[in-house]
Each structure stands twice: as structure tokens, then as C-alpha cells.
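Presented sequentially are two complexes of chain A, the first with chain B as partner and the second with chain C.
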Partner chain A sequence: MDWSPMLISIRTAMTAIVITFFLGTYAAKWIFRLKSQKLKMIIDGILTLPLVLPPTVVGFMLLYTFGVKRPLGKFLVDYFSVRIVFSWTATVIAAVVISFPLMYRSARAAFEQVDMNLIYAGRTLGMSESTIFWRVLMPSALPGVASGGILAFARGLGEFGATAMIAGNIAGKTRTLPLAIYSEVAAGNMEGAYNYVLIIVAISFLIVLLMNYFTSKEKRYQMKR
Partner chain B sequence: MKKRIALLTLLLMVMSTIFSGCTSGKESESETKNETESALQSETQDVVTGEETTILLAAAASLEYCMKDELIPMFEEANPGIKVEGTYDSSGKLQTQIEEGADVDVFMSAAMKQMDALDEAGLIMDDTIVSLLENKIVLIVPTQSQLTMDSFEDIVNAETIAIGDPESVPAGQYAKESLESLGLWEEVSAKASFGTNVTEVLNWVAEGSADAGIVYATDAATTDDVVVVAEAPEDSVSKVIYPVGIVASTTKEGAAKLFIDFLQSDEALAVFENYGFTPQ
Partner chain C sequence: MGLYVDIQKKLKGFSLNMHLETDGGFLGILGASGCGKSMTLKCIAGIETPDTGQIILNDRVLFDSEKKINLSPQKRRIGYLFQNYALFPNMTVEGNIGVGIRLPKIEKKEKISQMMKLFGLEQLKSRYPHQISGGQQQRVALARILASAPDVLLLDEPFSALDYYLREKLQIQLAEDLKRFHGEVLMVTHNRDEVYRLSEKLTIIKNGSSLIAGATKEIFKKPEYLEAAKITGCKNISRVEAVNKDEVRAIDWGVNLKVNAPIEKDIKYIGIRAHYFTGKADGVNQIAVKFEKVIADPFEMNVVIKNKYSENTQEIWWKVSKSDWKSVYKEQVPNYLYVAPEDIMLLKE
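== the complex of A and B ==
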């Protein structure tokens, strides 16, 4: 069996989750701090969009942004000799964009669960906003943020539609597990597809178990209070 | 409890309406087929009185544009009194329809396989079969490509290559056959993105995502965003032949023969050439 799809998928998902984690958490923090309710709703809507849109629409938009003929894509090619489409980087970008809303929403929900009194207390103690974020907010919100991160990782691992559109289906480079499964099925090679399916089911199930563990931890934590 | 039963029954009713909706599609399809058949039958009577005849052409999907837009109108103008109705689909599906008795007069497929199958079943008038066209396997690049690409073998200069999946796409199968005989398959497949159909491959190159790709000449002709670099060397790949023939069950042999003769005429072949086909 060709192990490259699994290796590519894991590499992509791991790189993507690191990026998504920081992007999502910072976005959540920013929205959390925002005063205007209207602005909150609009921006939240935009940030959640990749989650509710069909992945092919997301793929289309990414192609429209990074495609070799489009302004940004062309700029990258001309000045940095970097072509995003059909590269491994494209698989990461697709995974990040698709999984971002999950991370963002989970983090935001987790932040909103935190008792505001803790934050006020921190402010009266003269802590800077940054210290409050890392020392008060994050630790309290950690179970929710962690389970969000795990969910985002799983979503990035399973990404197919947008990946196929901007990363192509290059064996050994951009053929992730979902793409490999699709190719094997199209070729009528059900046995080959089955092996890949088993792997992805096993990983995904493990992820869900981990997520349940973290959310149960969160429940126990809340009950303590 | 009663509420639950009521809800369950409602759900079942909804589901059964949805499922019956799925089959009704098929029913209406055969209904229209019957309509076409009876319409054709009434036309047959007109042949006797010398009025308008209609013949039904079943042709491969890749022939739709050239037939519908140019060839059929040309033929009808030159032969007032004969109308040609076209149905375009994958050659395999059309073969099945003819086997099931569809009232087709002329059949043109994208490969010898389907024509041979019908011939063996005695459904085609064997002396009317003509290998009319050839489609070529070509190497294409995006229009704005800066790469040095002069020959088919230059495909290796591309960083990213788009090819139909040889396991499932005929155009990909031909591409692999050609590259294998040129000894380039290993190198090319290492950097090739496999498309699940030939149009996907074409679009990858048209978008510039892939530096080069292999498609049919006729696909390349449908868009201005790609440029044909070269055809696959003749001895490297088996020919993609499009044969045409008269269906044995036809009642309008005269009109069908006129149409097939027209397709072999110089003006028709010129039209085919414009669309990217190679006359035989």
C-alpha cells in the first residue's frame, strides 16, 4: 500500500492546525473584545462563512485569489517565484481556511463561558490585557479551546473539495487521504480505497474520543465551581 | 404513543413521495422516447408521399457542437425535405439504447468498440461503416506559458502536469500509452496531477494551475486559454477512431445514406477539422 497519502495528510493537518489555532484564537479574542454588537455579528458571519459554504465554493474563491492568472497569484509568481496552486502549500491553505471557523467559534464560545469577574479582578490588579489573556482567559477557556482545536484538526484532515481545486491530485505531493480514496474509487479499485478509509476512520474516531475527553474535563471543571 | 405513530406515518409518506420522485424521472424519459418514436413513424409515412423525412442521429458527446452548430444545418440546407434530429451522449450509453431498440438511423461513436459491438449483434449495416474521423492526443499549455515547449517530449520541462487518471479516463489511458512508449511515463507521472475526467484536466491547464496537460485535440479547441504544443507521435499511441454507420433497423435508408455521404464530403470534413478532428 502506498503510505504517501497518509503522510501527506498528517503533515498537512498538523501544519494547518498550528496556523489555525493561532488565527482562530486571536480572531476569537478580537471579536470577544469588540464593543459594537452589529460589527460583531457581521464579522462573525464572514469568519463563519467557510464552514457553511460548500467546500467547492471555498475552493473557487481560493483559486480566484491564488490562481496563476489572478492578481495575487501572479504577484507571488513574478516577485517571489512562488506558485501556490498545485503545491503542498495549497493543501495547507485549503485546510486552514476550511477549519478556521471551527477553531474560531469554539474559542469564542469558550471565552464567553469564562466568568467575567475573573477578568475584572485581573484588571483591578493592574494586569495588562495581554497578561489577562494568557494568564486568566486562556487557562479558564482551555478545555473548550482544546476541543475546538481537535475538531479543526479533524476537519483539516478530511478536507477534499477545496484541496482538489487548488492543490491538484499529485501523487506523493498533494494527494491527501480523501483525494486518494476518491481516485481509487474512480478507478474501481475498491480494495485500495478501503485501506485508506480504514486509516482515516481510525484517526477520526481517535480524535472524537479525545474531544469528548476534553469536554468532559470542561464539565467537571465547571461543576467544581 | 398515538402522536408518535402519526409522526412516523407522516415521515414514511414523505419518504415514499421522495423515492417515487426518483423513479418518475426514468418514466418520463421513456415517455419522451415513445413520443419521438411515434413522431418518426408518422414521418416514415410521409416518405411514401414524398414529404419531409426526419432521421435520428445518435452521436458521441464530443460531436455535439460541430453537428448541431454547423453540419446538420449545412446538410438540411442542401437537402430540403430531410431533417436530422441529433441525440448526443456517451458512446456506451448510445450503444445500449440502440441495443434496446431505439429508433436510431445513423450512429457515430467515439471509439471502434461500440460500433464493433453493435456490428457483431447485427444491429449495424456493416457495409455502411466508415472510419470517418480521428481524434488526436495533444500536449497543451496555458496560453501565457513562458516555457520552452516545442515537441510532445518537452512535456518533461513542465513542473506540474495534468493528465486524466489512466485508471478511469480514456484520454488518460491514451496519454499513458503514448508516454510509456516514449519512455517518459515514470518522469511525468511523478509530477502529474490526475484528473477524474478530461474536462477537469483541460481546465487545470486553462487556469494555469498546471504548466502542461494531455487532452484530446477537440477539447483543446473548445477554449482560447490553452495552446496546442504538439500531437502525440503517431507510433506511440493507438488511434482514437470515430466510426459512423447506418443502423440496421432504419426505415429511411435513403436519407441516412445521403447524410453519411455528406459527412464524408470535403466541406463536412473541413468543418470537422475546424473543430479539431482529423479526417481519415
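== the complex of A and C ==
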């Protein structure tokens, strides 16, 4: 059995979640602070789009952005000699874009559930906005933010459509677990696909367990208050 | 010196148009729920922004819509005690008290332990808010605010989250604790007992603007307005027509009553507190009793009657202490109730 798809998948998902976690949390914080309801709705719509669009459409858009003949893609090749499409980086970009809305939405929901009086109290006590964010908002929202992170990780691990479009299916380089399963089945090798399926089911189940653990923690915490 | 507030803000359903002035001491703000009293405090603290107006604290302009001044809550130095205390659940008692102290590390530590000592919280030092009682939470919140050395203290329904039996105890304790605070105190509440006990001055609010302001005891004695009489707990209110220069007809009770002259033109109601009736024949005003019901409180009897000689009239409540009820009235409803003219409050709309 070829272990490379598993290694590539884990590496991709791990790298992607670090990026997604910070991007999503900061986007959530930014939207949470916005005062205009209209602007909030529009930006939220844009940020949530990758969740509802078919992954192939997202992949198409990424290809359109990073293609070597497009301005950004050309710029990266000309000045940094970096070609994004069909590279390992592309798998990470696809996973980040696809999993971002889950992280962002979970974090925002978690922030919005925090008692606003805590934030007001912080302000009247003279705490700076960043201190309030890190020492009041974040700890109170942590269970929700963490479960959002886990969900986003799982989504990144299972990413198929956008990855296939922008990163392709190059064995040992961009072939992640979902792509490997597809390739094995396409080649008529059900036995090989079976092993990969088992691995991904096991990991996914573990993730769901972890999430349930976090949500139960959240509930217990609320009950105490 | 003092706090000057004159603000307007459009809200859902009504407009806030608030004018308040204090010159030190304890100001109570009394109003029904949803009349805009919490919103007023939030505007003073800078949590909410008024549409227009001015907020000035000891010659420091906190807000001025014309001069486009709007200080952030961090810069206003205003302490705000929230209804639910808003203690940070992820910090210990010690951590909570420390958040508002802007001092170097060692001095900060000293200040924290000093505050904990003052408020008797040393034992609870490393407990979390959910591990202590509601009364202790209030003391931690108060210690946290006073540690940040504000110029003004705003109390937003400070006792509403507490059990009844704890309330009275903490009212006394709060009054004690606040003796150490030398700034203005504004307390918002819908509870007349709290205001009567704690505040020297009082403002009554109706639909977003202040109805009457003055010394608390004075307003309770002479509320002047129908709404003020109701919120200070007056049980018996009737529409009136002037009959004489010192006599009115109480339409809802079907009886003529002597009152203290003069009766101004805009007097539309009278109010009689339920405690001010007596069954002893010593007043000029008498109402013939048609007995309705008696409701017993722990230490008081509520006797509900109607005017015997008039059809379709409203109930009149008489409150009498249980001891008087037993010894003076022998548990019998008297044939007449009396009330002195000076105990009848003349009320405007």
C-alpha cells in the first residue's frame, strides 16, 4: 500500500488548518465588530460563498486566479519563480479556501454568544480592545472556536473538488486521500480504495468525537453560570 | 463639580430625552422597565452613543454632539456595575479585581490585596465567579470597579439578580461600602424600597424623560404626578373634580374628600397611600365601608373595601399592621375608614 496520499493529506490539512484558524478567527472578529448591519450581511455572504458553491466552481476560480497566464499567477512566476497550480501549495490553498467559511462562521457564532456585558465591563474598566479580545472574548468563546477549528480541519482533510481542479492528481505530490480513493476506483482497484476509505473514516470519526467533547464542555460551562 | 447630562436618542418605540444633574452624593433613578433608564447609564458610560446632547463630568467633556467629542468608555473613568455583575468567568476573584488597575506590577499586587481586604474577599482569592454566591459576586464586581478608581459609579439594578432575603442585607452593605467612595453614584432601579433606603436624591423617569427630580423623601411625600405616585407605590388612585377650594369629588370612589388647599387647575387625580387610612374616628374625611376581602401578609393585613353608598366604584386598599388589626380593631372591619386631608396627594397627569 502506498502511504504517500495519507502523508500528503495530513500535511495539507495540518498546514491548512493553521492558516484557516487565524484567517477565520480574525475575519469573525472583524465582522463581529462591524457596526453597519448591511455591510455585515454583504461581507458575510461573500465569506460564506465557498461553503455553498460547488467545490469545482471554487477550484475554477482559483485556477482563474493562480493560472500561469493570469496576472497574479504570472507575477508569482516572474518575480518569485513560484508556480502555484499543480503544486503541493495548491492543495493547501484549496483546503484553506474551502474550509474557511466553517471556521469563520463557527468563530463568529461563538463570539456572538458571549455576554455583551463582559465586553462593556472590560471597556468601562479601561481595558484596551485587544486585551478584551484576548483575555475576555476569546476565553469565553473558546469551546465554540475550537469546535469550529476541528470542523474546518475535517473539511480540509476531505477536500476533493477544488483540489482536483487546481492541484491536479499527481501521485506522491498532490494526490491526497480523497483523490487516491478516486484514482484507485477509476483504475478498478477496489482493494486499494478500501484501505484509504478505512483510514479516512477512522480519522473523521475521531474528529467528530473530539468535537462532541468540546461542545459538551461548553454546555457544562454554561450550566455553572 | 458634578455630572451634567442632557442627551437625546431615538430608540425603538420612544425617544430618550434625558436631563440629569448631580452635585455629589447618591442619585436614585426610578422608572418602570423599558423606560430608558439603563440606556441612560449606558450613554453616560460611553457604551451607547446618544444622537445629540452633552455629557460633562467635573468640567471634563465626555460627549458633545456639536463639538464632535465622544470619549471612549476606556477614557471616561466611569465605573459601571452591571445587573449580572459581568465578572469574567475565566478569571479568579483576584484576577477580576486586577483588570482595571493601571499600575506597575508590585503596586498592582498591593492594590489588589488591599481591595480584597477592604471587601473581605481574601478567602475567595482563587475562586472563580461561578464558585461563589450571588452576594459575593456583587462584592467582587464592586471591588473590581472601585479598584479602577472611577470618578462616577453607575449601578444598574444592582439587587435584581439576588434572592429576596439577601437583598436587604446587601442594600445595607452596599451603603456601607460606598462610604469609601467619594464620587457621584447613580443607581437605576424599579424598586421603590431600594431608592428610599439608599439615595438622598431622586429622579423619576417616564417614557424616556425625567418627570420629577428632587429630594427622595420629599418626592415620596408629594409625588405631584400620577406616574410618580404609582411608581413610589401608591395603591389608591382616583380621578377627581374640584368641588370647593379645599374639597374634591373622587369619581372612582364616589365620595367627596377634604384636601389641603389650594387645588390647582391641573390636578386630575388624588392618591392615598394604603397605610394612611385609619378606622379611628379622627378625620374629617370618612368613607362608609362595604367589605370586600382581607389578604394577609406576613406582618400586615390588606383590607380591601368599597364605598358602601355608591354603586360601581373602585376598590380601596387599606394596609394595617397585624398587631393593630388584633388589638385595636379586634379583627373586625370598621364601619368607616378615615383619612386626614394632609395625607391626600394631589396629582397632575
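We adopt the following convention: the second predicted complex is superposed on the first by the 225 of 225 C-alpha atoms of A that agree within 3 Å, B and C clash if a C-alpha of one lies under 4 Å from a C-alpha of the other, contacts with A are read in each partner's own complex, and residues count from 1 in each chain.
By our rule, a residue touches a chain if its C-beta (ideal position, glycine included) is under 8 Å from a C-beta of that chain, and two chains touch if they have at least 3 such contacts.
Not measured: the values here are computed from a predicted model.
In the superposition on chain A, contact is made by A:170 with chain B only, not with chain C.
Contact with chain C, but none with chain B, is seen for A:124 once the two complexes are overlaid on the shared chain. Contacts of A:139 after superposition: chain C is touched, whereas chain B is not reached.
With both structures placed on the common chain, the touch criterion links A:115 to chain C but leaves chain B unconnected. In the superposition on chain A, contact of A:33 is made with neither chain B nor chain C.
Per the touch definition, chain C reaches chain A in the complex via residues 42, 45-47, 72-74, 76-80, 82-84, 86, 88-91, 99-100, 102, 129-130, 144-145, 148, 150. Residue ranges of chain A in contact with chain B, taken from their complex: 63, 67-69, 83, 85-86, 166, 168-174, 182-183, 186-189.
Every residue of chain A that touches chain C in the complex is listed here, in rising order: 115, 117-118, 120-128, 135-136, 139-140, 221, 224-225. Put simply, chain B touches chain A in their complex at residues 142, 144, 159-160, 162, 165, 167-168, 189-196, 204, 207-210.
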